[in-house]
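Two complexes come next, and they have one chain in common, chain A, joined by chain B in the first and chain C in the second.
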Partner chain A sequence: MTRRLLPALLGVAVLTAIPLTVRNSFFLHVCILVLMWTVLGAAWNVLGGFAGQVSFGHAALFAVGAYTTIILYLKGGLAPWWGIPLGGLAAALVSVPIGLLCFRLRGPYFALATLAVAEIVKLVALNWESVTAGSVGYLITTLPPVRLLGVAVNWEGKPPFFVTAALLAVVALLLTGWLRSSRLGAYLVAIRENEDAAEAVGIDTVRAKVLTLALSAFLAGMGGGFYAFYFRYVDPDAVAGIGLSMEMVFIAVVGGLGTVGGPLIGAVFLTAVAELVRDRFQMGHLIFYGLFMMLVIRFMPEGIWGRVRRLTTRVRAGA
Partner chain B sequence: MALLEIEGLSRHFGGVRAVSDLSFSVNEGEILGLIGPNGSGKTTVFNLVTGFIRPHAGAIRLDGHSIVGRRPHAVARRGIARTFQIVQPFPGLSALENVTLAAFLRHPVRQDAEAAATAELKRVGLAERLHEVASQLTLMDQKRLELAKALATRPRLLLLDEPMGGLNATEVDVASDLVAQVRASGVTIVLVEHVMKAIMRISDRVVVINQGEKIAEGLPAHVVEEPAVLAAYFGKRVA
Partner chain C sequence: METLAQSLVSGVLTGALYAMIGIGLTVVFGVMRIINLAHGEMVMLGMFGAFWGHTLWKLDPFVSILVWAPLMFLAGMLLYRFLLRKIMPGGELNTLLYTAGLSLLIANLALFAWTGDYRTISLSYGMTPVRPLGIAIAIPLAVAFVLAILVTVALWLFLSRTNLGRAIRATSQSAEAAVLMGIDVERVAMVTFGLGTALAAAAGVLLAPSLYLYPTVGELLIVKCFVIVVLGGLGSVPGAIAGGILLGVVESLGAVYVSSTYKDGIGFVLFLAVLLYRPSGLFGTGK
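Here is the complex of A and B:
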């Protein structure tokens, strides 16, 4: 128990210390990105890592969350901290019919179906102008004034966004941790290992997969909601592009499929790679993602977290 | 009333009639041997009963209730378990984890499921292999694991698809004893098997199918002398 509690406490301490001590707003921005990508990587990992259902269309769920949050705020006046969880719920709702359709397919056919779904969502976002404002998109100019403990929150600074992102990341990792030890989590591993055998021993594989997709969508939708809240701008290219779906895959694979901490590690690497090469290249970071992902798949298929865990257990066993 | 009743069951794949107007029933507590030449439709019958494929016509009733159209997990919940001709473990998981996943069906709490799984693994003779990865087990042990997995769902009816295929003579005797013990514990069994020695020794009754149709039914010793059965296996001239 202490083995799990210690890193958790350490994590919370670091997350609390960063906004209080760090004054460099670029570094805070990078930290916020890492936390946002952690949520998204965890979202993908729940479905792709645990259940072995590879989705190339998670941007669709992200987009539903982003649009829900920003539309609720701009048209309904609902503050983003309500909009973000509602964005997650909206994405979870949308995911159910998608799952019932796509889970009739297995393996690569499922992956292709999710790709198609993401493309459909993007086209809907582009063309349903009365709701989504089409390619013009939505822009948040001001956020609602809030006083926290008697102090007005400064929306032009980074700390409030850091705290929000940190909360979402903690929720995502806690959900993943719960899933790993739950019966549903065990069912997902069974589905990943052998779907027919899972059905034969009484596991309702469709129900387990649809539930997991909804959970994954909830996280991806909240990630999208946070994106809208932080970047204050949503249009189809920004929130429904295939690049976004690929980045979620990247994080989960590089970090370690089916692990709890993997997405955090993957997010750190993804953000680091992106920021290191962004100055020199416009789209170059995507090439580096691809290269990095190939290297990881070839030499470290269990991901960084998975490899570290294996090494530490070996050291412990040897000692 | 029979535990399992199959009536007029038919299923074709394209132009091939895999199972055609097949009827038989399984009585509570018996071991029914289901035999027939290769490609005669035995495995298809199992797939139809367990919901992996749907029949085009006919009825399948467990305890008088139709189970046609139910998905495999629902059929398992109702008390029909199966093993596969080619073993289907969860390859990357340990023997205990494999069987625990099956035990979850009757034991929602992990500790209970693990206890039940351990008991089943002991019963099939895998007590020493609890923590070995399934894909690393010998074929005999994988067959034991397959049986333990099926038993952990606490079936009333167990469908065994060639549990002795690929085993040597000694292993066949061990496996036969194991199947007989499972029946003695109150599980009704349908056994598809090519190893005739095992069929003759432990089945109470035998149903013979050929090209998806039933060609004989009765006591093992009588059935193997029927002309239709000999013709199906060896050709008409022998019969």
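Here is the complex of A and C:
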């Protein structure tokens, strides 16, 4: 137990220390992005890493979350901290019919189907103007005044967003950790390794996969809600593009598929590198995403975190 | 009536070029069971090849196909030999993700080198369309159409008449049986990947005068390409031809009769329906 507790405590300590001590807003911005991508990578990892179902359409779920949060705020006056979880729920609801449809397919065919679903969602977002404002998009100008412990929250600064993102990332990683040790998690690994065998031993594979997709969608939708809240702008290209779906895949794969800490490591590597070189590579700052992805699949298909864990267990066994 | 004829004709013309991109993807899938996500980037490289050939050396885009297609054939073979071959034992999902990485890498290198500006190639003969029977046809598109048909026929002859072509088709039907018959499957795979890459680049060269070109255009094309090959059945060359022309016609009719905003959606809905209810393709020839 101490082995699990120690890194968790350390993580919480680092997460509380950063907004209290760091004043450099660029550094905080990078941290916020890393945490947001941790949530998104974890969302993809639940489905792609544990259940082995490669989705190229998670941007659709992200978009549902982002639109739900921003529309609830702008039209219903509902503050983002209610809107973000509701965005997650909306994405989970939308994911159920998508899952029932697409899970009839396996492997690469499933991946292609999710890609098509995401493109359809993007087209709907572009054309259903009465709800989504089409290509114009939605813009949040001011966030609601809040007092926390007697101090007014300063929405122009980074720390409130950092805290929100950190909370979401902790929720995402806790959910992943719970999934790994749960019965559902064991079902998913069985499905990933051999779907026919899993069915033969009596696992309701469709139900398990649809449930997992809903969980994954909940996280992706909350990530989308946070995006809307932080960047204060939502339009179809920003929240429903293929690029976004692919970035989630990359973070999960580079970090380590089917591990709990993988998405965090993936987000640290990819997001941090991309943001740090953005100055020099104005245009192609995703070069490194592609490069890391290829290197990882070639040299450590279990991902960075997966490799580290294997090495540490080997050292421990040898000692 | 005239609108119908006009949109049918332009649909078929564009469709033939779509088909050419689709054939490249489907041949590679047939032999290697790889869905190459970087296929769209190969088209993009062909387009930029045509653009730079035209801007720097005043080379007519349709002539420059003679330079770019062989070059990309070589590049494709090298790519397979030194990168993809080592990944393939890891399973088809790994390969899929690897080509996703490759696609992002190529697109972003292109962004870095050429920026995200939209470019066009303006040809002296591209301004005024010809009007046989009152139907306006842009000359560059018509030339591209004819060349696409020539390339496709040549490919068909290669696949059906030569030993290497037969080896490719045999491997596509059953790699194991092909090995037992003494076919060097490794070599076949390398040539096939080169061929797929060259076809994509050639289609890019042909499309360049008729489309806007920018480094991330591959994203748009690869999605269309999936629609095409799934409609026709993954792995089937005639299926890809039919799928390409079908998509071209559906898009251009959809733009006129449904709405230009939803025309891309028609393709995706069709795609999902085929994936779900006829996974072997509309014509039942794929596998």
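Throughout what follows, the second predicted complex is superposed on the first by the 317 of 319 C-alpha atoms of A that agree within 3 Å, B and C clash if a C-alpha of one lies under 4 Å from a C-alpha of the other, contacts with A are read in each partner's own complex, and residues count from 1 in each chain.
Quick note on the criterion: a contact is a pair of C-beta atoms (placed from the backbone, for glycine too) under 8 Å apart; a residue touches a chain by one contact, two chains touch by 3 or more.
Every value quoted in this text rests on a predicted model; they were computed, and no experiment measured them.
Chemist: Based on the superposed arrangement, let me know which partner A:P301 touches: chain B (first), chain C (second), both, or neither?
Modeler: A:P301 contacts chain C only, not chain B.
Chemist: Looking only at contacts as defined up top, I'd like to know whether chain B or chain C touches more of chain A.
Modeler: C
Chemist: In the overlaid three-chain picture, which partner chain does A:A152 touch, first (chain B) or second (chain C), both, or neither?
Modeler: Neither partner.
Chemist: Give one of first, second, both or neither to describe whether A:A197 is in contact with chain B, with chain C, with both, or with none.
Modeler: first
Chemist: So, A:L112: does it touch chain B (first), chain C (second), both, or neither?
Modeler: A:L112 contacts chain C only, not chain B.
Chemist: Looking at A:T205, would you say it contacts chain B, chain C, both, or neither? Reply first, second, both or neither.
Modeler: The answer is first: A:T205 touches chain B but not chain C.
Chemist: Now for A:L20: first (chain B), second (chain C), both, or neither, which partner does it touch?
Modeler: Touch status of A:L20: no partner.
Chemist: Please give the residue numbers of chain B that touch chain A in the complex, ascending.
Modeler: Contacts found on chain B: 50, 52, 71-74, 76-77, 81-82, 84, 88-93, 97, 100-102, 104-105, 108, 110, 149-150, 152-153.
Chemist: Please name which positions on chain A make contact with chain C in the complex.
Modeler: Result: residues 52, 54, 101, 104-105, 107-109, 111-113, 115-117, 119-120, 123, 126-127, 242-243, 246, 249-250, 253, 281, 283-287, 289-294, 297-298, 301 of chain A touch chain C.
Chemist: Across the complex, what residues on chain C touch chain A?
Modeler: These residues of chain C touch chain A: 35, 83, 86-87, 90, 92-94, 96-98, 100-113, 115-116, 219, 223, 226-227, 230, 261-262, 264-265, 268-269, 271-272, 275-276, 279.
Chemist: Mind listing the chain A positions that touch chain B in their complex?
Modeler: My answer: residues 183, 186-187, 189-190, 193-194, 196-206.
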